[in-house]
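Let me begin by presenting the structure, written as structure tokens, before commenting on it.
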Amino acid sequence: MMNKELMTAKILEAKVSKGMTWEAIAETIGLSPVFTTSAALGMNSLTEDKAFALCEVLDLDKPIAEALQVCPKKAWDGAVPQDPLIYRLYEVVGVYGDTIKELIHEKFGDGIMSAIDFTMDIEKEENPKGDRVVVTMNGKFLPYKAW
Amino acid sequence: MMNKELMTAKILEAKVSKGMTWEAIAETIGLSPVFTTSAALGMNSLTEDKAFALCEVLDLDKPIAEALQVCPKKAWDGAVPQDPLIYRLYEVVGVYGDTIKELIHEKFGDGIMSAIDFTMDIEKEENPKGDRVVVTMNGKFLPYKAW
Amino acid sequence: MMNKELMTAKILEAKVSKGMTWEAIAETIGLSPVFTTSAALGMNSLTEDKAFALCEVLDLDKPIAEALQVCPKKAWDGAVPQDPLIYRLYEVVGVYGDTIKELIHEKFGDGIMSAIDFTMDIEKEENPKGDRVVVTMNGKFLPYKAW
Amino acid sequence: MMNKELMTAKILEAKVSKGMTWEAIAETIGLSPVFTTSAALGMNSLTEDKAFALCEVLDLDKPIAEALQVCPKKAWDGAVPQDPLIYRLYEVVGVYGDTIKELIHEKFGDGIMSAIDFTMDIEKEENPKGDRVVVTMNGKFLPYKAW
Amino acid sequence: MMNKELMTAKILEAKVSKGMTWEAIAETIGLSPVFTTSAALGMNSLTEDKAFALCEVLDLDKPIAEALQVCPKKAWDGAVPQDPLIYRLYEVVGVYGDTIKELIHEKFGDGIMSAIDFTMDIEKEENPKGDRVVVTMNGKFLPYKAW
Amino acid sequence: MMNKELMTAKILEAKVSKGMTWEAIAETIGLSPVFTTSAALGMNSLTEDKAFALCEVLDLDKPIAEALQVCPKKAWDGAVPQDPLIYRLYEVVGVYGDTIKELIHEKFGDGIMSAIDFTMDIEKEENPKGDRVVVTMNGKFLPYKAW
Amino acid sequence: MMNKELMTAKILEAKVSKGMTWEAIAETIGLSPVFTTSAALGMNSLTEDKAFALCEVLDLDKPIAEALQVCPKKAWDGAVPQDPLIYRLYEVVGVYGDTIKELIHEKFGDGIMSAIDFTMDIEKEENPKGDRVVVTMNGKFLPYKAW
Amino acid sequence: MMNKELMTAKILEAKVSKGMTWEAIAETIGLSPVFTTSAALGMNSLTEDKAFALCEVLDLDKPIAEALQVCPKKAWDGAVPQDPLIYRLYEVVGVYGDTIKELIHEKFGDGIMSAIDFTMDIEKEENPKGDRVVVTMNGKFLPYKAW
Amino acid sequence: MMNKELMTAKILEAKVSKGMTWEAIAETIGLSPVFTTSAALGMNSLTEDKAFALCEVLDLDKPIAEALQVCPKKAWDGAVPQDPLIYRLYEVVGVYGDTIKELIHEKFGDGIMSAIDFTMDIEKEENPKGDRVVVTMNGKFLPYKAW
Amino acid sequence: MMNKELMTAKILEAKVSKGMTWEAIAETIGLSPVFTTSAALGMNSLTEDKAFALCEVLDLDKPIAEALQVCPKKAWDGAVPQDPLIYRLYEVVGVYGDTIKELIHEKFGDGIMSAIDFTMDIEKEENPKGDRVVVTMNGKFLPYKAW
């Protein structure tokens, strides 16, 4: 079985040689850019039809379509990310974590926002003072219930 | 000078005894709920007029209005948050960090989303299968430029 | 507002002086022993009626009933627990984590067991070779879904 | 001698090509699915007859049967697991660790639940609101005794 | 309830003012010096009669006898001990850990030495070239068994 | 020069193919099983004659005898060992460290037990309730002396 | 695609065989020495024309020019740098961090110095008592603004 | 003796009530703003005359002047700073550390920039696109010399 | 019993008010400055006569003399020291550790330098180019011996 | 370019086959044993003539002489060294760090001992009770100066 690291390398190579964007690949296979990219990077799995659709658009063969369907073991480097782009998101969680907790409890009661029943979207907001990145996270509220 | 911990404790106490929500406090002083809450929790500073407005609505006295204006030293507990609600956000950064990086680079080029020139909004999306939390982050794109 | 640490200390003190077990307290207020104990230790919140019921059975006053209703900030000591009883559970997660992952994926597909929509039960199994502890965890399966 | 990593890779490959589940393999060799999987993943050892039985059902040769009998050096990645499925179990230990300790002491006295004289079972509970994962741990109580 | 830290402080104070050794205290109450000391330091609990016996010999009152009976939450400072005496023991585990594992597996098969069903003894071996410390650990072998 | 990792691998291989135990190898070369095993695992060095004796009994050639004489750089994985057998020893150091310190100070005065001028022995104690592992450590007492 | 590590190795090799300094390379391609070096070490990306200019001056081929244009994933070794030259800079941040914070707040109000919209320059200041290193950092002030 | 924490608190209080800036205080006592602030924050010591000068301008009494002269034990929170302003400086060391090392070696040979024989200056550079922070570090080059 | 922290504070206070140096105190009581200082800082213990001698010269009373005789539990802040003076020593161990190991093995064979049977001396070497600190460590060589 | 790891391996191999000590090599090239060994282990660089001298005495070729001249990136394993010989030195820094700081401040004023303008010497002191290791460190005192 092909592992996820090799699968990702093959997809990135094909993507560059085809000159396609993640957005275009995602549109072709009928999924969002975020989910498609995360599956290609080995952090989510695709259903059989989506896996083959992705391989078709990038002219990749069957072992890659199979690897895309495997349940991933999710992991990342270190407790604190170092890349500046990713660190800024970590910093937001640190700085605003308790604020988010206060406001979710105020609106929903005791519980959490699911990171599994979850979608995310990344948009560009054009702005004369400098374009802006808009990240929208949408997760199901899971209440704690006594038993 | 009153420190931020005591300031936060006093604000939380007044908020409970007044029976106000963060949303109501924020609306009264003309700021967003996220920013208002983060300032009350000691993670942001308010301008003089907003600080006094917040104290007026909660019947708090001058030392608290002064403490609200002090530039905060931001800090949080540990590298990996333990509270389940905050951990889920950390997990999202871990699982989707590289995906977000790929898509921002695709849309904007090399650079980052600012966590300073930044706003955040938390909304409740009603849903018959279970309400959903919608977190929207909006940060200025800062390009790396050669010199 | 009374904090959770003081609340827990008061409950433990009352429990000892009343000579009650967690099991008896739980039965009186109509909740499971695990959930009742976790709320008393400050790791879960009770609804108003359950909070007052717990205080009634232990002759505790209103501030404790209020503290029991507050959404907790969950935290624990260190990344690796040191107490031998708790460490053994941590070791089980380390030794059998990948096994559990394999078997859940085999039975359910890609997803996780929720730790929020979750119940737990602890029983004593009498055995002539030495009694046994039976811990049963029951959590909703949350599937990853593409979007 | 074949090491455990290679042994596991060979077993996973054979399992996929045979199209067998862990449950089916376990049943064939007369052991539980949890124990069988943990041995295949290199976290437990098998007796000679079970090792050869497993190899027979998967058409694997002698070096793998030998590797399955070697006492494993157990290890896992990092102090805090990152995969969401395994992290949720870690979180349960963190959130409910003291609760479990209280209740075991209440039922058994001072001591621990063994992680060695220990069995585990994972079941699927069908439920119209969403199926549930049921994990049952059964460990011998080991009392502390003065000497 | 008196906590273990205060209990230990009171016992140490009484021990100094009585001028007694741990060995003498242990002999009086009919337990080993190691177990007696570990209970006095808050790492083990005593049965009611032993707790009262210890308090009698040191002229301590009832709250201390009660604290001695409480199941302890065991914890120590840091992952790597810094005190030179304790570090040397940690170093022995690091340097000889795999050796001990090899030899226990050779003599007993796959399993561990229990740290719960366990006794320890510390003796002085007089020697003209310099006296020697003899630490003897005796723990039940717990075999891994398939299920 | 052959490094210690390769040396250990060669020795383990030869030991298995010869079907010898550590005990038997140790007896043949006139050293204790613990020291012999630790040298074979690369944590101690042998004198020339013992190194050649070990190689003779296992039919190993000169580079291995040379590698056995090299002063080792001792190292182990992580601050907290994860293998259950080795972890239990670490736990003993954590739980009983201060106790051992108290008793050594009581018997010897201020100082430590050497981990260099040190021997260790591992024995099996047969017991109808379950055999027991007996680990005896014997280290020279090194007193702190003022200068 | 060539990765950044290989790219850096090829550039360093060519730089040595050409006998060029970073300063000379930077001047040739019309960028500062700091930025040029950081891009060559894989910590920044170049525009297409600068990437080809750098390759021309060092007689390197197209894959290296392509690798120079890739958005880097920035990472460094460990939380605390060990090389003495780099550690001294880390120590300066530790020792003077709060001082810098006080003075930036005094001059600019609440906000930060950007590490993205940022330039750096390293100069040699000749001095009879020993030459001095002058590091100048110039980053845009980013104010926190309420929303 | 007054400790540095209390000394700093007293100075900050006096500074606020006097309404003075660090810049003004520094100018009055004839030292740079960076050094003056760092001494007031307890990270450097002042000579007797400067210590009394600082106390005079802020109407502080003798124990504070004495505390300012004590050699400080320098320490900071955690290995990785969390405050965003200070983190950005840490990130610069991470991202540009090897670059700085390359360029210092190119200009000076093997050695380091001293963090002791060292000065620092922080300036505001007005800029229509947004003011800029200019941090200048000036440290003596210390060459490694063979012996 | 007075703890070591309070003991140290009292000694430092008396030392300042008497205007004595460590060197002078050490000479009076007939011990080296390093050992005397380390005992006063709580890292070593004194014999009864030396403890009373130290208290006499500083006009301190009996509880301090008693505290000086207690076997210390040695501990320090963090794994990596932050104070620049102490860090430089740590860096020397990191940079030259393997070198020291090579040379000790070359001169003495396999073994270590004791940190217990150990003395240290700190001298000032006057030098027109800048005075120098000379630290001399003298520890007994402890050979590893097979058993 | 040959890297430092390979360079070290080649030097160690040549040293063994020539049967030379570090002391002898150092004497031949006219440097101290400590500096020579540290350069051979890749922690310091040699000037061109010394590098070629070292290669001549060991019959090594030009790439090694070149690698010896490269400015090293100094690094070591982990924050806390594990090898017992090196750990003892680390322990000395922990136990005596504050003592050394006190005494250097007493003799020299506020400042540090340089680890760059630094020499070290390791000698054997013969002693009938057991030979002793004498490590002498000699570093320039660098005073903190206000600016």
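Per-chain numbering from 1; labels A, B, C, D, E, F, G, H, I and J assigned in written order.
Everything below uses one rule, namely that contacts are C-beta pairs under 8 Å (C-beta built on N, C-alpha and C of every residue); 3 or more make two chains touch, one makes a residue touch a chain.
The model shown is predicted, which means the values in this text are computed figures rather than measured ones.
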Q.
Under the document's definition of touching, what chains do chain C and chain D have as common neighbours?
A. A, B, E, F
Q. If you take the chains that touch chain E and keep only those that also touch chain H, what is left?
A. I, J
Q.
What's the farthest chain from chain E if centres are computed as the mean of the Cα atoms?
A. G
(Q) Pick the pair from C-D, A-C or G-I whose contact list overlaps the A-B contact list by over half. (A) C-D
Q.
How many angstrom lie between the centres of chain H and chain J, each centre taken as the mean Cα position?
A. 32
Q | Inter-chain centre distance, chain D versus chain I - centres from mean C-alpha coordinates, in Å | A | 51
Q) Listing for chain B: what residues touch at least two other chains? A) 34, 73-74, 76, 79-80, 82-84, 91, 94-95, 98, 101, 111-112, 114-117, 142
Q: Chain pairs that touch, all of them, please.
A: A-B, A-C, A-D, A-G, A-H, B-C, B-D, B-G, B-H, C-D, C-E, C-F, D-E, D-F, E-F, E-I, E-J, F-I, F-J, G-H, G-I, G-J, H-I, H-J, I-J
Q. Considering the complex alone, what residue numbers of chain G touch chain I?
A. 80, 82, 84, 87, 91, 94-95
Q) Contact residues on chain B for chain H in the complex? A) 1, 73-76, 79, 115-116
Q. So in the complex, which bits of chain H are touching chain G?
A. 21-23, 33-34, 37-38, 41, 43, 74, 76, 79-81, 83-86, 88-104, 106-108, 111-115, 117-118, 120, 122, 124-125, 127, 129-142
Q | List of chain C residues in touch with chain A within their complex | A | 31-32, 34-35, 39, 44-47, 50, 71-73, 98, 101, 105, 109-112, 114, 116-117, 119, 142-147
Q. For chain E, which residues are in contact with chain I within the complex?
A. 12-13, 16, 77, 80, 82-84
